[in-house]
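Next, two complexes with subunit A in common: one pairs it with subunit B, the other with subunit C.
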Partner chain A sequence: MATETALEAQAGTSGGTPHGTPFGVAKGETGFRHWSALRNAAILLVVWEVLGRFKLVAGGALPAPTDVIIRFWSDRGDYPLHILATFQGASLGFLIGNGLAILAGILFAVSPVAARLGRGLNVAIFALPPIAISPILVLTFSGMTPRVVLAALGCYFVTMSATVTGISQTDRRMLDVVRAYGGTRLALLRLVEIRAALPAILAGLRIAAPAAVLGSILAEFGGGGRFGLGAYLIGSLGRADPARLWGIGLAATAMALIAYGIFALIEARLTRSTRAVTVAATPPGIRSEGSLVSTIAITLASIALPFIVWWLLLKILGTPAMIAKTPAGVFDYLFLAPSATSAQTRLLAALGQTLPMTLIGMAAGLAFAFALALASVVRPGIVRSFMPVALVTQTMPLVALTPLLVLLLGRGPSVILWITISVTFFPAFVTLAQGLGMVSRGALDVVRAYGASPFTQLRLVSIPASLPYLFAAMRLAVPRALLGVMIAEWLATGTGLGNLLNQSRGYLDYGMIWTVAVVSVLISVLFYQIVIVIERHVLRKRGMQPAA
Partner chain B sequence: MHLSLNRRHFMGLMGAAATMPMMGRMASAATPFNFQASWINDAEFAGYFLAADKGYYKEAGLELEYLSGGPDVIPESSIIAGKADLTLTTPDTTIKAIVEQGAPFKIIGAQYQKNPIGIVSLAKNPIKQPKDLIGKTLAVPPVNVISVEAMLKISGIDRAQVNIVPYAYDPTPLIKGEIDASVDFTTNVPFTIKQAGEEATSFLLYDFGFTIFNDTVVVTEEVLKAKRKEIVAFLKASRKGWEENLADPAAFPKTFADTWFKGTGRSIENEVYFNTAQKPLMENPKGIFFMSEEAIAANIEALAAVGITAKREYFDTTVLEEV
Partner chain C sequence: MISNTGITLETVSRSFQGRGTVVQALDNVSLNCPAGSFTALIGPSGCGKSTMLRLALGLDDATSGEIGIAGMKPQQAAKAGLTGVAFQDAALMPWRSVEDNIALPLDVLGRKRADFTGKIAGLIDLVGLKGFEKSLPGELSGGMRQRVAIARALVTDPKVLFLDEPFGALDQILRRQMNIELQRIWMKNRATTLLVTHGIDEAVFLADRVVVMQSRPGRIGKIVDIPLARPRLPEVFTTPEFHALEDQVAEALDGH
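The block that comes next holds the complex of A and B.
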């Protein structure tokens, strides 16, 4: 889910926004905007070229763009096979993930009970850090399957929630017409609801497409196999050739962008409009109806469901118990086995390093996103020029940048913080910018009429009015902050959960690999739930509705 | 799961369909044999590539499926999961898994008599022996943490005196001086460092007391019982491939350029360097893969230094006797 909102911002969509997003510019300015974007890109490339050419950054660890191109050209024979393999994993995952997502979305839209039952599973899928899941997928499945599964997981949440939103926004009157003619539930779905949801579903697919590419690449890192951009990147690490790594990273970025572009085109063709879909960070089924007993029963069942699915999957696959741990297996490893104390000690020590950094990183990422969103209101031009760089940070595999990052930032807390900010800020920024853009003009005019400075306007009107978006941004930031910290720990610092996961592989400590995966998902879900509780409390006090 | 299962089923059906009309020939049909390598396709596996290309596995009645490895592939997982019949491992992790988790592994041979893993540093900031590491920053891949801890312990160095950071197999931080040394194959990295315009210096962990094999040939006890004949055939064909390859290390890497090495992004000169450097670490008068009693004892002793109590019974030398 790295690119969705990023691309949303780049596309400058303004659907549903009364006064345009910070990127929406009046039509007459479009030509100028294109020129200034081109000019800024050119300046950026020249600066990059100079920095790279004269080895000004980290003693030459940042290659000049021309070096990257030259290297790409001399490697051109290698690329087709790798791109093809990544394409296969991503497209199969895209088909499976979105197929399931649309079916699930329909089910959740039609049946509120199903939506409430599926909530635990949906939140878990939304919050899971792919870096922790990838190793257990590789242990459980073989061949291309880990890539397909991770790509499918990357697609599922976006498309599922887009489907639910689309169906629930169906025009009531059209439903009434079909009902009046005696239409069955199925007829309603077929004739009205799915058609009405199509634009939303297509918008979901557009966001899911780059996520599928990134999911496949991530699984290639750990999955073996000779081909795929991820495999190529891993294989090229030992070459001490930053230009090659950047070439592969940029090829991955290009694939993600093309995947996005293709679906944007299809969407424009089919619906004659591009709908803005901000990343939904709320699974369906949050409202509870019915008696307290049934609410509690459904909530418990919804929490149990992810564990049941996990257990069933392993039973069906028949993967040996030594490498594939069931929920009982993880419990046994962590609490009953003779090595349980040692496992607990190592886990707690790792959590003690990871959790504080996650909170700090999340706060820093949100602060950065907020500052950027404010800047985009005050100085939209500067923020727009920053967007191409921001986009690359969202789609470029961080492994390719590790040498550069450790050379620039060392291997201490600062490298963790920067990696976490870069992983966290973008979706949060787009959501916040959207919130600030939707502030009522009338309210702003009032304070302006009293001569308020831009800062006072923000403080008195814009910030309080966009609170729902701040919480939506927090919900997006929670799982990504943990992901960012674990990536940094794994690649650079050798501390915390990220390192524990990595080292457990070296020790063949399968129990710990599963434990880290499960604990990281649980932490993500827990943080997410905490944000939801605070959000409900604060917004209810102010009489506001949650955003997205 | 879908993919591989479907593919396997599909292949199975195809195989069945192909053999059905000619049942008489079934006896000579090759047996499928899956081999999980421990790294991406490079000269480390040249002997197997050669044996496959020259048809030595086919002659031995095997239909070899070669599974490439990589930094994040745990070879042992493949044989536990039944994806592979035989694999190459680092003996320390394998033995630790046997001791601590009761993993049903048997070590039946060793590709490297001397572990090629060593400490690589730049000649201008040389680390020539374990003692030089004190106060320095050493990058270690997660799979080699045990080995490094053992080497430090044997050399009487407190682990806390060395700043150990993760190594992501990219020598750039070493070349740029961000780290002082890294743990890697000494048969490979010095070439890369030279390409980047620096001189490398290195020493083997083996030469400082950590006397273990590497790329130990490992099977599960179950497969050893069920497929002993095939395992012997595999070792025999592989030994033939290796002997031919090592006779002239410069001869064969180029023949794999468009097949085995395709898409790895490594140069053939690099593979020739690797192939030449690994020769003395592999050769044994009793043949490739041979494990002498003294060498096994040295392995057990080295692992004892890090508290891993290996036993002689983890090593099974009887399979190679049949080769």
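The block that comes next holds the complex of A and C.
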């Protein structure tokens, strides 16, 4: 499982590891930090006001904050219902998704076989670009269900992997104490593991909360229902009213930020008493693999499982075959039906546009994140002033951001790149900064004792030591990059897979909708697996363990 | 009541698969600790003393050989609540208060905590932590944490007590004090005790017999009987007999 627990790094903390934020803020500086953050925010607002007031950006596409507020006030009658609708979808999805995620996480942590069987399904859910399946959900379900499902899917992987990591990183000494008194598996879970995993689980919930909001908005976006911030946004898109779009975008961001903040507070309260008192001497055990035959069997079953679940879900729901394509249906559409060649041509053309942008955007986002993480080691001040902005862009639901970026950047390829960078950057940065922050002080002291400059320290110690985190960041970035590109294509540029999906939705071309969804998940999984293979190879050669 | 509460190891071996190599952590070890005896295990790193303890606790399975704790398999004895254990590192749960940490074995064994409130209070008093009942481990010093771990090991009135370098992390002064305390506690309840230690003086001071182990492969080198009378007072540390016994153990450690 270790390789799949990608988001834990993003989730921030874990049971046994030395705590501390990756951003190394000393306690005494807190007051100063608050003050400077306020000052930075004030400067930003003033600049924004001036830019907006005099229509300096893209001919008035960036409205002044005061205009946004005035518009928000005149729209105030609309907001409560939309916010309530999004909140309902998001919160129900949050509860269901996280409930399932924690149960699944416990199951995977307890049973290595279950973990290996569930791997295919987990990777598929992780890699799944929500935008690709939102039309399918809207076709298959009615009412609130698509929102709830997408919000739940947005939560599942984060919390599941946080739970697994939390449990599997439980201090082994505590487990030994319980085992020495004949404690059963259940006693271990009840008395130690679940409690020890709590900080990790809460960190997962913190990340999952804005993801649920985003999931709900994405589903509203794909249609279904009059109310919800997503529906409001889509409805306002054609009205050339930037102030309102900004208002909706900011409302969605505020919602996500509040959700994030609530769980961050709970987490901070609870983790205080859970910090490990000493450092564990023994590393978490390495699970032994079974025979070759059973390994192959389990791997195949794990690949087959997502398809079986897909097929079973459709059977259970009883959706008409015309709308709901089974795996066989998609195969038929793409390879056997009379229209197969035309479908293939359109799909390949779209892929030809989407894939290069995904790779470039991902590389740029990662490079930017790595550069900033390194800079933050040398100059921690950079992070301090940059973090709040990064946090806002991260929790700002992507969909709300896109129309605004279109207003600012137009509909060219640059908007795709910016969106992709903005979605890959933050999780990658957090992961990398965490990795760099965890570099052992002792190792740094050794080179420092020989008078190494900060750059020599980076080169000789920090960068090599944080290599596992670079791979973890890449694993995180893969599906997000594809999601970013597809959203930009759908909403802004009218190219590639995103556009193909949107068009097929308009033509009611169900076969193509399903095909695009399946292909985008497969691509995402494929990239993810490629990263894992390289990661295993590189880290094994250097005698390192993958970062969670 | 179980009449025989001894520890027996019969031709026990344990090997670990490394990368293309097999490490023989324990090779054909036989040891018999009679009921009520105090045995110290001493040896260089990697001689298999911790492995032996883990096997006796049922935390690990032997590759071959038989282990009996009070005539039962280790896991059975553990489930029956006959054993108590204190590890090298206190291994306290950071979210449980001192009291709750001491009560942990009761929770594992499914015993009612209400029946033990007096017992827990007594143990806290015994290890000198009165007033710290509600403290969290993070608020205690290293020595205090270790004393919580000792109290936890004693809460079930164990018939067989395993101590894995319980004072390894303490300074020499505190360690002496704890040794004297431990002897007092042991003389009261006479649990069969197996102590793993790095300290020759500690082993000689506390044990009836010192089992000297050797590494590669892990095996018993020599068993040194300690005929000093009990209770052993702190003054015994400076007597010639004590030094002679220490020298015997040290020689055995060197392989003579």
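The criterion applied here is as follows: the second predicted complex is superposed on the first by the 443 of 548 C-alpha atoms of A that agree within 3 Å, B and C clash if a C-alpha of one lies under 4 Å from a C-alpha of the other, contacts with A are read in each partner's own complex, and residues count from 1 in each chain.
Operating definition for what follows: contacts are C-beta pairs under 8 Å (C-beta built on N, C-alpha and C of every residue); 3 or more make two chains touch, one makes a residue touch a chain.
Treat the numbers as computed from the prediction; the structure is a model and nothing was measured.
A.B. asks: Touch test for A:L407: subunit B only (first), subunit C only (second), both, or neither?
C.D. replies: The answer is first: A:L407 touches subunit B but not subunit C.
A.B. asks: Name the contact category of A:P320: first (subunit B only), second (subunit C only), both, or neither.
C.D. replies: Touch status of A:P320: first partner only.
A.B. asks: State whether A:V423 touches subunit B only (first), subunit C only (second), both chains, or neither.
C.D. replies: neither
A.B. asks: Between subunit B (first) and subunit C (second), which, if any, makes contact with A:V439: first, second, both or neither?
C.D. replies: neither
A.B. asks: For A:V178, decide between first (touching subunit B), second (touching subunit C), both and neither.
C.D. replies: Touch partner of A:V178: subunit C, not subunit B.
A.B. asks: More subunit A residues touched by subunit B or by subunit C?
C.D. replies: B
A.B. asks: Touch test for A:G494: subunit B only (first), subunit C only (second), both, or neither?
C.D. replies: first
A.B. asks: What is the contact status of A:V478 with respect to subunit B (first) and subunit C (second): first, second, both, or neither?
C.D. replies: neither
A.B. asks: Just subunit B (first), just subunit C (second), both, or neither: which does A:G238 touch?
C.D. replies: Touch status of A:G238: first partner only.
A.B. asks: Please identify the positions on subunit A that touch both subunit B and subunit C, taking each partner from its own complex.
C.D. replies: Overlap of subunit B and subunit C footprints on subunit A: empty.
A.B. asks: So in the complex, the part of subunit A that touches subunit C is made up of which residues?
C.D. replies: Going through subunit A, the ones touching subunit C are 171, 173-174, 176-183, 187, 191-192, 195-196, 273-278, 281.
A.B. asks: Can you check the complex and tell me which residues of subunit A touch subunit B?
C.D. replies: Result: residues 58-61, 75, 78, 81-82, 92, 135, 138-139, 141-145, 148, 221-227, 231-232, 234-240, 242, 244-245, 317, 319-320, 322-323, 339, 399, 402-403, 406-407, 411, 490-494, 499, 502-503, 505-508, 510 of subunit A touch subunit B.
A.B. asks: Hey, which residues of subunit C end up touching subunit A in the complex?
C.D. replies: 57-59, 75-76, 78-81, 83, 85, 87, 89-95, 104-105, 107-109, 136-138, 145, 152, 156, 162
A.B. asks: Mind pulling up the subunit B residues that touch subunit A in the complex?
C.D. replies: 1-4, 7, 40-41, 67-74, 76-77, 80-83, 93-94, 96-97, 100-101, 103, 141-146, 164-166, 168-173, 175-178, 184, 188-189, 192-193, 195-196, 262-266
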